[in-house]
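Okay, so chain A shows up in both of these, paired with chain B first and chain C after.
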Partner chain A sequence: MSIVIENLSFVYNEGTPFEVWALKEIDLRIEDGESIGIIGPNGSGKSTLAQHLHGLFKPTKGRVLIGDREPVGIHPGVGFVFQSAEDQFFARTVHEEMQLGYQNFGLSQDQFKDKALEALEMVGLSADIFLRSPHSLSDGEKRRVAVAMTLILGPKTLILDEPTLGLDPLNAKKILEGTKKLNHEKGVTFILISHRMEEILEYCSRVLVMDRGKIIGDGPPQDLFIQEIETLIRLGMEPPWLVRFLTGFKAKGYNIKYKTLNPEEISKGVLEALQG
Partner chain B sequence: MIKIENLGYSYSQSGGVSALRRIDLEICEGEFIALIGPSGCGKTTLAKCLNGILTPSCGQVLIDGLNTASKEAKWTIRQQVGIVFAHSENQLIGGTVEEDIAFGLENIGMEPSLMRQRIDETLGLLSLEEYRDFPPHLLSDGQKQVVAIAGVLAFHPKYLVLDRATELLDPGAQRRVLEIVQRLNRKGMTILLITHSMEEIFLAQRVVVMDQGKKILEGEAKEIFAHPIVEGLGLSPPLSFRFITSLRQRGLDVSEDTMMSTEGVLKAICP
Partner chain C sequence: MRSIPLGQYLPLDSLIHRLDPRTKLVGIVTLAILICTARDLSRILILFIFLGSVLLLSKLPVSLIWRGLRGGLFILLFTILVHSFFTPGRTLSSLSGFSITYEGLYRGVSIFLQLTALFLGGIIFTGTTPPLRLVEGFRWIFSPLRFTRIPVGELSLIMAIAIRFIPTLISETERLIKIQRSRGIEFRSGPIKRRIRSLFFIILPLFAGTFRRAEELALSMEVRCFRGMGQRSQLRESSFKERDLTALFVLTILIFLVVLS
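Right, the complex of A and B next:
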């Protein structure tokens, strides 16, 4: 299920003094199974774009095709985890909360339990959590339940809008590894909006850079972070420390080979380069 | 000075489970302290005890000798201790950005001319001038949070507590805010930075680590990662720190203190 965006523009508060063109003439094609990161300054339009990818917003101009069709309302194949989805928890138990979410999508109840357990396991939670009140959970647990509630719907495309915001490193990792596995093993399209450049580098093979409603950069993060380093720094999207270091090291005439941004591997390369 | 003595706190709703247990901590004037620990370990609860939003269940908190539990002291303490929370952005109330900042200042009875001056200064400091007359609810979440930070800085609090206050901001805005905070600290403001970013803690002179309501460790950033207990909490050192440690192990002379800047490391290793 590819997603195609043609000449998309979107305006908030049209015709008022506070009119904002949040998206300006965007063209974009997302293939099945891609893992995409979206970065950009505050207010650059990331969340607004994401809302169009699952049909919640209607374009002001242009069109969005999800699997060759313009969506009518929210597209069932696209799972969207909002920034603070857990603020809307209201049931007495996690079990009830997840079941209600599931019913809302009109899915059959027979497989609910198996699917729910599978989804919880994906994000590192065990069945024990079923009986607890959603309000008694820690932030990290709440966020993971919210992600699991989206996973159980079996989305073909998964959009995560700053999923690790507010989470400690351990919880952040559990969510990203769990969802990324779906991309890896089941080919689910993975779209991650994040201000943490390390996450984009680690979990995405393509990154879109947004600035004032436009996509101004598009490519594999490990290349784009190096090639576009000046633009990114100007926008305040500083690439990870090691990328900045390697750029500076290169400018001093040293080139080193590395497969991943592993600090130990790179330090070895640095030593070899220095020794000629 | 902030003196936290044998501080305990239990939320009645969570079945009397202690969110804070016997915490002792002193924060001296002009210090820059970072506070870290897993989600739910009690960091926000501790912050709320510092300006009297929460009253200790046991022990006490003294701000320059004033007890936060005393009703009479609360007014003074609220002006001394400014706290920005992670989601202060959804508490904006003014019709415009300027009004929102003014509202907080009016509340503490600041006189209009000084208020004017503080608003101009803070809008300038955080590059918010162009949004002065903008309704806050039409800003993106990150932009709103910057307004919330402005609202607290305009007070000129003596003690500034940032409880994950920058995480909604884009990296550039985060860096700008942290630079401002460092500058204010050099001018004497005392800082308590609560964060999940293991890079940010290198800005602090001292790092306090909490787990399950207790203070479990205290030390300089470069020391605390040597403790196995910290790794066990999932708090692993930033890649830059691991990189520098690895360079040192390979015999290169790089100080851990350079780790905030790539330039410092390049200078140290390139002939």
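Right, the complex of A and C next:
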């Protein structure tokens, strides 16, 4: 299920003093099974772009095609995990919470329990959590339940909007490892919005850089982070420590040989460079 | 929902923006009383002409007001329908066994205009007065209550925070609607019973979030040693100017016009 965006523009509060052009003439193609990271400063249009892919917004100009068709309302094949998605909880148990979306999309009730347990397992949670109140969970567990609630719907494309915001590294890793596994094993298209460049480098094979409603960079993170380091710093973003280390090392006149931005490979390259 | 401008301050340079908050508060309270007690269309029309003039003077964009009104237009039109059909009186027209009465239509249109006028007054007041100046205004209007040991400082602050939080709650509701829609909950289509049930999926998390936000706000005020009681100093002291006197004079004329018409 490829996604094509043609000349997409979107304006908030059109015709009022609060009018903001959030997206400006964006063209983009996302192939099936890709893992894409979207980065950019606050207000650059990352979330607005992602919400268009989910069918939450109607473009002001241009169009979005999901599998060759323009979505009418929410596209069931695209799962979306919102920022602080745990705010949506209202049910008495995690079981009820998970069942709601499942019922609404008309999925088979016979398979609910198996699919729910599978989804919980993907984010590192056990079946014990099923009958607990979602309000009694820790922040990390709540967020993981919110992700599992999207995974249970069996999306072909999964969009995660800053899923690790405010979480400790262990909880963050469990969410990203679980969702990335879906991308590897089931070919689910994976779109991650994040301010943590390390996450983008580790989990995505393509990165889009956004600024003031436009895509200003598109490429593999390994190349783009190095080539566009000055742009990223100018935009107030912090490139991964490995990239900063390499750039600083190169600036001192050392030529490090490496194929991937892998700490082990880089350390070998550094040793070789130092030994001349 | 984002288009609802109630509670949103818009910094512009206009005569209404420059008025003392106390003048504006007296004005809005007086207008609200006049609007709610006006029983015939001629009085409501006078109030509309006045509000229209104030809107022009405030330089607030008419498009913004229209977008805000458009959101609640369905409910407003519904009030006309309900009154038209269910108020007893002289029959104007019949529709599938139900009669539209002249008195009902008159009453429905009057209530429609009254609610619109209240909304308009609210937008002009909050759109031209910054939240901190609102506190000043409330403190002044509640000041006579000090003698009855009512905590005037806290009371005025509560009022100002409530107004300040309207846009925050609107954007929070909008965010929750999006989250729940992505779980397949429909708000705009389907049977009415299901749509009403869907509202609970918004209201419950919204309440929980509002209490959490209120607790955080109270805590952050506590750590800054904020106390509502006592004599507080102001960064900008309001002063009653000639234009405020003129505004109050115009308001007095309006009261006479509405009462005597």
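Throughout what follows, the second predicted complex is superposed on the first by the 266 of 276 C-alpha atoms of A that agree within 3 Å, B and C clash if a C-alpha of one lies under 4 Å from a C-alpha of the other, contacts with A are read in each partner's own complex, and residues count from 1 in each chain.
Convention: contacts are C-beta pairs under 8 Å (C-beta built on N, C-alpha and C of every residue); 3 or more make two chains touch, one makes a residue touch a chain.
Predicted model only: the values in this text are computed from it and were never measured.
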Inset, instruction - Go through the superposed model and pick first if A:136 touches only chain B, second if only chain C, both, or neither. - result: first
Inset, instruction - Give one of first, second, both or neither to describe whether A:242 is in contact with chain B, with chain C, with both, or with none. - result: first
Inset, instruction - Classify the contacts of A:85 with the two partner chains as first (chain B alone), second (chain C alone), both, or neither. - result: second
Inset, instruction - Give one of first, second, both or neither to describe whether A:256 is in contact with chain B, with chain C, with both, or with none. - result: neither
Legend entry - Between chain B and chain C, more extensive residue contact with chain A: B
Legend entry - Partner chain in contact with A:117 - chain B first, chain C second, else both or neither: neither
Legend entry - Which of chain B and chain C A:56 touches, first, second, both or neither: second
Inset, instruction - Tell me which partner A:12 touches in the superposition: chain B (first), chain C (second), both or neither. - result: both
Inset, instruction - Return first, second, both or neither, reflecting whether A:105 touches chain B, chain C, both chains, or no partner chain. - result: second
Inset, instruction - Please write out, lowest number first, the residues of chain A touched by both chain B and chain C across the two complexes. - result: 12-13, 18
Legend entry - chain C - residues contacting chain A, complex: 2-3, 5, 8, 10, 61, 63-64, 67, 175-176, 178-186, 200-201, 204-205, 208-209
Inset, instruction - Would you tell me which residues of chain A are touching chain B in their complex? - result: 12-13, 18, 20, 40-43, 47, 83, 136, 138-140, 165-173, 195, 197-198, 235-238, 240-242, 244-245, 248-249, 252, 254, 261, 263-264, 266-268, 270-271, 274
Inset, instruction - Spell out the residues on chain A that touch chain C in their complex, using ranges where they run on. - result: 12-13, 15-18, 51, 54, 56, 73-74, 76, 79-80, 82, 85, 87-90, 100-101, 103-105, 135, 149-150
Legend entry - Contact set on chain B toward chain A in their complex: 14, 37-40, 86, 134-135, 138-143, 146, 164, 167-176, 196, 198-199, 233-236, 238-240, 242-243, 246-247, 250, 252, 262-263, 265-266, 269-271
